[in-house]
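Following are the structures in question.
Two complexes are shown next, each including chain A; its partner changes from chain B in the first to chain C in the second.
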Partner chain A sequence: MTHTLLRKGNSFKLFILTVFIIFSGSVKAQSFDQVMSKGKIRGNFQLDMQYYQEDTIIGAEEVPERILSNGFLNLVYTNGGFSAGFRYESYMNALLGFPEGYQGNGIPYRYASFDQKQFSITVGNFYEQFGNGLAFRTYEERGLGYDNAMDGIRIKYRPLKGVEITGLTGKQRLFFDYGEGIVRGLDADVYMNDLIPRLKESKTRILLGASAVSKYQADQDSRFVLPENVALFGGRANITRGRFNLNTEYAYKVNDPSADNNFIYRPGEALFIQTSYSQKGLGIVLAAKRNDNMSFRSDRGESLQNLLINFIPALTKQHTYNLLATLYPYATQLNGEMAFQADLIYKFKKGTLLGGKRGMDIQLNYSTANNLDTTRLNDEDGKRLGYEADYFDVGEVYFKDFNVMLTKKFSSKVKGRFTYANLVYDQDVIEGKPGAPKIYANIGIADVTYKFDIRNSIRTEAQFLITEQDQGDWATLLIEYSYSPHWFVAFLDQYNYGNPDPSKRVHYYNGSFGYNDKGNRITLSYGRQRAGIFCVGGVCRVVPASSGVFLSITSSF
Partner chain B sequence: MRFAFTIFIALLSFSACEVIDDPIPANAEDNLQIGAISADSARLFDSLGIFADTDYKIDQALNLDDTDSLISFILNNTWAISTAPDNSNRRFITLEEFTGHECIFCPLGTKEIIRLDTIFKEQLVPIAIHAGGFARPRQSGDKFTTDFRVEGGHGELYQQEFNPGNAYPRGMVSRLRSTGNAGWEADINSIAADSPIAELKLTSYYSNNANVVRAQIQVIPLVPSSESFSLQVFLKEDNIVDWQKDAFSNPVDIEFYNHRHTLRKVVNGTWGLNLPNWQVGDTLSYQYVTTVDPNWKPQDLEVVCFIFDNDQSSYEVMQANAAYFTPR
Partner chain C sequence: MYLKSLLLTLFSSVFFTAMSQTENNSIPAVDIQNLNGTTFNTSDLKNDGNPIIINFWATWCSPCKRELNNITEMYDMWVEETGVKLVAVSIDDTRNIAKVAPYVNGKGWEYDVYLDPNGDFKRALGVNNVPHTFLVDGNGQIVWQHNSYSEGDEYELFELVQKLADGETIE
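Our next item is the complex of A and B:
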């Protein structure tokens, strides 16, 4: 593989020097040592390792390797406008639940870039996002095993003040290989207040943007005439005036038959609108999104999280508490959904009826995601447009979440955060379990911290999830003791006390302790991991049940 | 200059886009009908599967685009002839199973198929569709590198339609519903005694030297129907020995696993051929002439055909049959 730079025996230092010399014109005017003395190296390291035990009670399978691990080292060298770096990754073999394509060791990410006044050039791997990502977004989310990094060339060009044009071309990462398709993209950001002199002092700040992204993949299919070049176009605006902000983006994709959409030729489109108002003690965010047939991958046959070129944001709250975050989180439906979200954050001042002596924060959040209202066209042997969709009507409910969170400090020693959430969750669609009933759940969480003194504190979480569907009711209890700034120890038990099957009313206990020091953190834990779903931004990974000892080491320098 | 550069890049980007108005390729297969056959030739032609009242649907790769070429091709090759069982008074049943070589619970599905096969025998036509993430071949190493997925992405389309949740093992008994292996026997029993709506006569003509099989299919309606049906033709191969994961084996990775009833080729498109409206007394006659991969084992290959209700809310398989390439 071309990206396994170190496998080929080249030293990293030689690589940096070579690229540096190629890219840096200024090196001629200064002595080599002078230039090199300005260089800096930074990086970080992460190792997650688990020893697995078979646990038939929770369905944790025996792992033949017994020990699995994921390891990463990022190293970045910078010197003035020049930077180069790489990421070494090791999967011996990948932890359970991560895609099995992650196997072995290698350097799948390496790059060199140079930044001048008007140009920035990157060769090798890079991450990039156009606007909100409806047209293009490559990123890494390590917890998901998600990495769709580009490998190619990116040029950023700033011809005028307030104007930045980004052009890129390359292939996307697929585990330790590349996707089949070639991706080309062009994006422009125009800061109108910088570009137009009479807007310079205006209180209204306007950013306009436009994107065009195209992918190429050869047609080797005898059933259909497939478009080998598929393009997606987008436009966006971000307008701020005083306390108000409007962020909106629209994207349109021409016919893109793929495994995701059952090889239909219907164009895709997505609209995202978010408006917000904020002042001291108050924040309101309203957002709406409609996406229709907007899966866009550099390999039309791919599925899951692989080779996605764009990103459709999820308009649902990203919860952090265990039961809320991993039992029924929402995964964006790329083939079509209409979603709305409203957020309200308000601070009751000290001395008011609800604020009391120390004030109180309240966060209200409501989100809903529905299917589009579609009608099948039965045109499989004709134009294969698949279906028609009414633009403003919505179909069945996929997901609803109403939640409220109160944060209050009761005294100098005691503070608490209390959450209530009501969920509707369509397992059939979100998890792909045909015939599974829709889940209606109520969740209550109390998170209380007691601070003994400046170093010692204890935090407890009590969580309840009540539902008549799926696995029934759950309870979680967490006790965490911290000795600042270095040590912590915690015990967690999740109990599926309401499981309709008495033999599955199981305790998922877990004990952990950790040490923090500056940029280093070591955590060791032992216990059971419940099967669940881990999502970030509407992109999800199924986490299988496991049991054993888990070690995590992170370090940055 | 800057402006020109920007416009140039923009145009390049916009031009990299193709809008397809007609997605279905023209002449994906050659369609031929053989005219009147002289009395002199009738006996020979009949024995070799050359019929006057049959629509021949010929793989374009064979370049047999006129009747003379077709007849000459048949006469110049030798053919093993094998006839499928009679199903004029029984409803034959398909069992399409979604599986993958890295799916640790899929061998449970295979075991259930083997068990059901011994009970229902020829009435049951099992087909194992390797699709989804568990069927993906590894790019390196010495295990799980074989690609069992059928060419053309048909398996993924079936998966999308019938098993969108990627559950394994999952199967459909005559496409009544998608269910786990525990539900298959009940589903079979629910229709096993049904009277068939049509007879499916199937004869396989296989030429080892030409690597071609001809599937002669006659649809003989037995009851009138206002529904619209499609005819589907598959090739499948039994007894492929290769790697498979099995949750109940130690070690989990089995090197010499017997993969059963693997779907090898979707002969006439993902959703088959739309049949014309029929009446009792009609005989709809087709012959599919298609290539066979020389690496497949002829003794374990079968032609499978079935007719299904092509209403997308149904897809129910109403009749099925299967014939070995080589006589048993």
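Our next item is the complex of A and C:
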């Protein structure tokens, strides 16, 4: 640990020196004050703190520290094309449910970048995405403790109008340390309409891209001869013509034996296709995805969300209502999956039969994620290719979701949104609970807002989830009163009234109030938190049951 | 030691000069995307000397959608009265990015919509959570911001837009 800290300390000094050198270069021509006066510091801060109470009824265990907290501060200095910044993070100790690797305080993120018309250079930490991310994506979800930022060098070069080339190298962040592997990537984006004069005025807008990413990790395995360099290649196209859009990407990975795939030598691949059509009052999206053996990490031994180099999105609707979003949410199965999704939004105009006096919106969504249809090869002692899979055959269901949402304004004071959803959820695969039965659930939600006047309004949500499996039926009631623009107070109760075990038919109540002003916000709540799965942007985290007082402060400046 | 004191001087001067500058709070220059995937630099966000509202949102964020859907009912009037322009920046990633244009058109939004899937613009402006709204005056200076949305917040926002349109300053 001391060793790591020392190393970090040195790298930070080096970083400051680099900033200074780059900076002093640009200062030469003008007076120091002149340059400085164009600069600006921005940033944000967040502190989440919880006081934990033991609560045997819901299975919330005693927390030895009693109080746990997560916090961070981002500072970014920009001056024309120059930018530098850092993030201080503090976990004293991390809130329950956060990855255990987050411990202590430090500055795991700092960078400096310089941007000119033709090229831009970033040294230090950066987040980057090639195309849709099938080949490369580093990003952060602070609320979930997800952060696989690169630490290294990134160069973007624009040799011609419409062409951008990105090259990068570095290591990925793993909590307060780095992953073992070195990641190198090259990506090109070509806007055909800018590049080819003949296409300049064309109604069809074409964007083509290609990427190559490779990782290096020494082979220290005694059982197998492992590839130390693993490459991944991808190509993509994004075509827009008027109201129609097609976005597709394909990626291929050479053999990459890892803990994820049980050290087989089968290559990986992923295909992603999304098309959409929209006009005023109508939107349609169709999407399909097939990924096979496509986990790609900068340490072949890692698991969970650690050190992922690429990003395979889940093709299911991202729900926001509490029971729908946190009981049975889907996350991509990196080892293999075939998924489809259709999404429709339509506006019934005012004055039509269904639209009524004020119009009505309907949203329909259907998605399914299935296993690949595979055949085991039983070649563990030979080539270790693991399995064969037919490209177009669909295997068993992991997840299915059909949902309808109606939004309607009844009067100037009352509006509502009504949701029905039907889910199939394979707990065995998605949560890794062997032998757990598939869950079939029906969900109904009514979300009604009543506006007393410009400032005062009440919003209520009534939710029901009916299932024969798992924990049985649930009901949720939420009442939220807001006094715009500064105050809100809310009460939430989740009641597991249909639990097969009568002693577990528990109320999870929670009261909260908040104040916000400009970029600042403070929220205080007290109550019980049900064990569940919390997802942001497609990444999910399992959170254990807890009880106590929760304080959250955020500020942007 | 020399290096240390030099750095200290440099950083404190950077810090205090930047802090004392109230007039320079322009929109940071960052590459984001148009709805068809082509690059757009945020330094090109302009509105002929009229105010701009920059709103960060996502298709999975209920309060964001409530806010933008509520504003849409009054948007024509806002534009007519003040010349304001609303720029809606979606932070959706690959999972939902294809749903942005169909949602925007399906709901009949007249806003300028951009995509920030890599979060570069979000980070440059210090945004923690969505929805987060910034108000930019006719000189391109960010003069106000607000995090979260409650029913009715749009009235406060419009009052501020009117002030800017009338040439008043916002404290």
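Basically, the second predicted complex is superposed on the first by the 531 of 557 C-alpha atoms of A that agree within 3 Å, B and C clash if a C-alpha of one lies under 4 Å from a C-alpha of the other, contacts with A are read in each partner's own complex, and residues count from 1 in each chain.
Following the convention adopted for this analysis, a residue touches a chain if its C-beta (ideal position, glycine included) is under 8 Å from a C-beta of that chain, and two chains touch if they have at least 3 such contacts.
Computed from a prediction, not measured in an experiment: that's the story for all the values here.
After overlaying the two complexes on the shared chain, residue contacts for A:L308 are found with neither chain B nor chain C. In the superposition on chain A, contact of A:L324 is made with neither chain B nor chain C.
In the superposition on chain A, A:N262 makes contact with chain B only, while chain C stays out of contact range. When the two structures are aligned on the shared chain, A:I533 is found in touch with neither chain B nor chain C. Touch criterion met: A:L186 reaches chain B, while chain C stays clear of it. Once chain A of one complex is fitted onto chain A of the other, the partner contacts of A:A212 are limited to chain B, with no touch recorded for chain C. Legend: residue contacts after superposition of the two complexes on their common chain; A:A389 is shown touching neither chain B nor chain C. Touched residues of chain A were counted for both chain B and chain C, and C has more of them.
Against chain B, the residues of chain A that register as touching in their complex are 61-62, 64, 99-100, 103-104, 159-160, 165, 167, 176-177, 184-186, 188, 212-214, 216, 221-231, 233, 254-255, 257, 259, 262-263, 265, 301, 303-304, 376, 378, 380-384, 428, 431-434.
Taken in their complex, chain C has these residues touching chain A: 3, 6-7, 10, 13-15, 17-19, 21, 24-26, 28-29, 35-39, 59-62, 93-96, 98-99, 101-108, 117-120, 123-129, 132, 144-148, 150-153, 155-156.
Residues 2, 6, 9-10, 12-14, 16-25, 28, 102, 104, 132-133, 139-141, 152-154, 156-157, 160-161, 163-167, 178, 247, 251-253, 269-271, 274, 312 of chain B are the ones that touch chain A when the two sit in their complex. Residues of chain A that touch chain C in their complex: 16-17, 20, 23, 32-33, 36-44, 46, 74, 76-78, 80-81, 83, 115, 127-129, 132-133, 137, 139-140, 142-143, 164, 191, 205, 207, 238, 240, 243, 245, 247, 272, 274-285, 287, 311, 313-315, 318-320, 343, 345-347, 361, 449, 451, 454-457, 459, 482-485, 488, 514, 516, 518-521, 537-538, 554-557.
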